[in-house]
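Lettered A, B, C and D in written order, each chain numbered from 1.
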Amino acid sequence: MSDALLRAEGLTRRFGGLTANQDVSLSLKRGELHALVGPNGAGKSTCINLLSGDLAPSAGRILFEGRDITGLASHQRSLAGIGRSYQRSNVFMPFSVFENVRLAAQSRRPRAWRVWAKALEDRAINERAEAAIAEVGLAAQRARIVGEMSHGERRQLEVAMVLATDARVLLFDEPLAGMGAEESMKMVELLRRLTTDRAILLVEHDMDAVFAAAQTITVMVNGQVLESGAPQQIRASAAVREAYLGDDEVVHE
Amino acid sequence: MDFVSFLIQTLNAVQYGLLLFLVASGLTLIFGIMGVINLAHGSFYMIGAYLAFALVAQTGNLFTALLLGIPLAALLGALLEWALFRHLYKRNHLEQVLLTYGLILVFEELRSLALGDDVHGVAVPAIFSASIKLSDTLSYPVYRLVISAVCVLLAIGLYILIHRTRIGMMIRAGNHDRDMVEALGIDINRIYLVVFALGVTLAAFAGMIAAPVSSVFPGMGNQVLILSFVIVVIGGIGSVWGALVAALVIGFADTFGKVLVPDYAGLAVYLVMAAVLLWRPEGIFKS
Amino acid sequence: MSASFNTFLKLLVLALVLAFPFVGSAFYTELVAKGLILAIFAMSLDLLVGVTGLVSFGHAAYFGVAAYVLALLTPKYQAANLWLSLPVAVLVAGLVALLVGFFVLRTRGIYFIMVTLAFAQMAYYIFHDTDLGGGSDGIYVNFKPSAAIAGWTPFDLDQPKALYFFILVCALAVYGGLRRLKESSFGSILQGIRDNESRMLAMGYATYRYKLAAFAVAGALAGVAGYLYGALYGFVTPEYLSWHQSGNVLLMVILGGMGNFGGAVAGAFAFVAMQEFFAAWTKHWQLLMGAVIVGAVLFLPGGISALPARLKRKPRESADE
Amino acid sequence: MNSYSPKITSPGSIWTRTATVATALACAALLPLGNAQAQSGKIKIGLMLPYTGTYAALGNAVTNGFKLYVEESGGKLGGRDIEYFVVDDESDPAKATENTNKLVKRDQVDVLVGTVHSGVAMGMAKVARENNTLFVVPNAGADELTGPLCAPNIFRTSFSNWQSAYAMGPVVYEKRARKVVTLTWKYAAGKQMTDAFAEAFEKAGGKVVKEMTLPFPNVEFQPFLTEIAALKPDAVFVFFAGGGAAKFVKDYGAAGLRASIPLYAPGFLTDGTLEAMGDAGQGLLTTLHYADGLTNAKDQAFRAGYAKAYKAAPDVYAVQGYDAAQLLATGLSAVKGDVSKRAELVKAMEAARIDSPRGAFTLSKAHNPVQDIYLRKAEGKENKVVSVVSKALADPARGCKM
């Protein structure tokens, strides 16, 4: 467990009387694609929000590279090296692809306060942005206005934006949602490539993709972790089958 | 302040708060349900007061004036919704601000053209003209208590309308998600027409019923406009109970501000608003 | 529109305002100067409304505070020094904005609008109800600021032309500075916050700090406008801080079109011109003004600056909006 | 405000628009040059008064009074025709200097007449002093205008706040009141009025036990009425005007205070508001420099003339406007309409004895009327004269160095 980049221990989150996450523990290792699955309302999004700092846990703690980051706000966690994408596309529509990614890259710059020098003339940042765009395969689209792009392309853009922040832990909330089969395959391929020197947590409904790409799968039901392990182990688990995989229709919706 | 004075000032605060609620209730509806920032709300209050003045002059009776004035106000509201506001729902709030600001100027000048710039009064209806003795020197006019009672009834009525009736359900659904309601086959435009007309009627009704105590004068709408916004916002947008509580809070802040810190009474209401919003950034009762 | 035509237009406008004092009468020179000051005021608000997405309904407070600083720094029988009083006024306005921003930026949307209003009203009552600045009747600035530096006076603001050009230089500097700021790293962060604040947080931006900085800068620039207004007219009243003023400057920004400082300039001049023309026409000029505003909203979404683009579209498209 | 999304526009289009606006402004600027009449023989009079907003009725009354006198004089003053330049000041002090400049710099009027609102008048005085424009105030009562700001070119035909309130001091004392509470809006005029009353009342031997104020223009009086009832003073002195005055008097009556604690005020309380007050206003005693039921011939002629011209009864504001025209006429006649002889013109105006509907008055050294103050009683829709309480009362003109 020493190579865990991000570790959650006993995370609990209550909304009023409702417990959305109860005693959730999981760890993300470098080089590992970790999938978080479960039926609707299982608490996956809450879990990701707790890890990214968008929500504060009611109990439990989060360690990043051995450091306790439970008290850090979302932007502080981002600066520490945890990046995330959202369930709904969450990009800057009126900006171009390049401007979107450049803004992400710029967040790592110690002197973001510069008010005079033109932003577009900052070479170091531009290079970092270009690299991230190339990595997700959007180089040809760099000048397009995001509002005019397809859904799949926007999801790619989101990945590029996370990459541009130099995140070592990537939290992806349903990056494949709404994508066609071909786009999905490309995205899975991309995620796999990105895993080499990073840790990725993937919340996903597409079970084919999850079983094809993930090294570890955690199944959540009713806000709790039901089972966690390698894909074969999950496939073999009777509890998971009963709670979740039993209904084949749901899986391949 | 001795105890009796304190009690009487508390009564003053409650009474003023209820009156403010009456004025602000229409704004809460339009603002909360339709999401329209209506700066012309004060103008509708002013129109109501002048309607009361003009109609009482014609009919000699405030009740008859109310009977005639309320449908007129509703008609005006429906007309405005149909002609102007309907085109703004999908635009941003700032354009609504601009439009309703323009309407303030239009209504104020139309009022000047139609009825002049003099100060007018409306007599308190004879059956409510008595007063109740509170101390050897001070009495309390019955009409003010009547207004308070009407305000309470109105608050209850609005609550029932929104939370307990079918149309209220549709209104709330429309507030939540316009597209969904349309998908369900409900004519959202008609709902908005009704809500807007209702909001305008409430403002005008407040003006009519307050006219006997407030007098009728140019610029009277501007005075209530900002206070109404203060109340709606600190109450939590769209919440009838919130508006009621907020109106009472402001009633107390104003009354006791004047008594306890007279030199800074002008600040009191705004200090309270700032404090409430810093404590609860989305109002006391966020919806 | 081609880039060269654009440049040509810019130069034409610049030539017009440069030549104006030499062809226009004293009154209209002053009126254009007023337009320039309000343009600074509107641009400063546009930094909040159009660029950062923060709708402030209390912007007149910083305008008024700076005007009062000038009034209070001007001794009864002599002029205040421009090079001292201007920076002080701007600094005070900026600091007041910083303090107010510290509180108000915790709220969002309509709540933000109302809290900014609340703080502005408090500032209004401080000047209206106390003797701090002459009370409700206002206070005179008996002498225009003196531009003397160690005995040498480069220009004399008592000369209307000198004052006009000083105001023009300030307006150009604010315009240029804000354009530059918008394209800087800081500016792109502000625009990111406007479009999607949660995303900015997720990318590691402490957005509160940037918004606070924008709020203070906008307050300071409004202070430039307020200072110049006090210097131009020599009379400072609590009404400078009233919500009507805050509303008017917001109208200028919306009327002109947001997010691009040229729109704020156009809005300011359109507003001044409308008041001027209509008031000269009829006693009931506010009826016309109101009607024009209503019409502008219905038929001119996006403000004046969006007009040419709309004219190019097919008429049917714009008709059913 | 999630739906809020600013429009992104191309900079070019904005410049087009700015250019258009600037060009339009430039054209407007050049127009007056073409129109400028080279001393056409008419005297240019600039009327800067409120024609919109809360004080619109007052602005119209002043204008009517002024024009009535000019009409009676055959449309001429000092033998020369009159040309009016009119500006609506909206009672907005923030635009006061600019609006004054419209008349002084753009239209280059010979005489500036205005206004109702004191804050706006302060702005006008500033411009008038700097440009040495002849300035006649037909209403605004700010003590400063004929105090620290007094100047050879500034005249007033109305009153100073001090005058209308000071006269009430002895009256209240004579009505056997010893402890008095004052109440007004927290603004300059209110403070000047209540201070002047306190000055006179305490000089007579009474005591102002509490000075209460409420924020302008707030009209929720109930907390103060409760306090007054608890304090039980011998009398209450207030200063309110317009809609606020009507509401206060009604509230005061409805609280049952009229029966036990008499109410006194400067006449603005009951001028133009009696109809709105209804029964609550009846019998109120106020002091002012004008009243209904005066018996002098001038007043009767004035009233008849005003009623004929405007189908309405004149009020104190109309009188002040009328007298502003009279005062100017006196000065202009002395120089035969030659406004360039400023020194003589001012001298004639200073020495004038104005045969006003309110009764004849002269001007103090600071150019404020030295006039009789009447005690009036509200009866029906009129403020009937009871007596002259202060004969030829002159403002002390504190701070005037003329």
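As a convention for this text, contacts are C-beta pairs under 8 Å (C-beta built on N, C-alpha and C of every residue); 3 or more make two chains touch, one makes a residue touch a chain.
Source: prediction; values computed, not measured.
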Suppose every chain is reduced to the average of its Cα atoms; which one is closest to the average of all protein Cα atoms?
C
Find the chain most remote from chain B, comparing centres computed as mean CA coordinates.
A
Return the chain pair with more inter-chain C-beta contacts, choosing between B-C and C-D.
C-D
Geometric centre distance via CA averages, chain B-chain A, whole Å
48
If you average the CA atoms of chain C and of chain D, how far apart do the two points sit, in angstrom?
33
Geometric centre distance via CA averages, chain C-chain A, whole Å
43
Where chain B touches two or more other chains at once, by residue number:
93-94, 108-109, 112, 263, 266
Residues of chain A touching 2+ other chains?
94
Where chain C touches two or more other chains at once, the residues are 49, 55, 108, 110, 125, 128-129, 195, 258, 284, 286, 301
Which chains touch, pair by pair?
A-C, B-C, B-D, C-D
Hey, which residues of chain A end up touching chain C in the complex?
52, 54, 73-76, 78-79, 83-84, 86, 90-95, 99, 102-104, 106-109, 111-120, 122, 125, 161, 165
List of chain B residues in touch with chain D within their complex
2, 4-5, 8-9, 12-13, 15-16, 35, 92-94, 108-109, 112, 116-121, 123-124, 131, 133, 135-141, 143-144, 213-220, 223, 254-256, 258-259, 262-263, 265-266
Note which residues of chain C are touching chain B in the complex, please.
49, 55, 103, 106-108, 110-111, 114-115, 117-119, 121-122, 125-126, 128-130, 243, 247, 250-251, 254-255, 258, 284, 286-287, 289-294, 296-298, 301, 321
In the complex, the residues of chain C that touch chain D are 1, 5-6, 9-10, 12-13, 16-17, 20, 23-32, 34-35, 49-50, 53, 55, 108-110, 113, 125, 128-129, 135-138, 140, 194-195, 233-235, 237-240, 242, 244-245, 256-260, 262-263, 265-266, 269-270, 272-273, 276-277, 279, 283-286, 301-309
Touching chain B in the complex: which residues of chain D?
1, 3-5, 52-54, 56-57, 60, 186, 212-215, 217-220, 222-227, 229-230, 232, 242-243, 245-247, 250-251, 254-257, 260-261, 272-273, 275-278
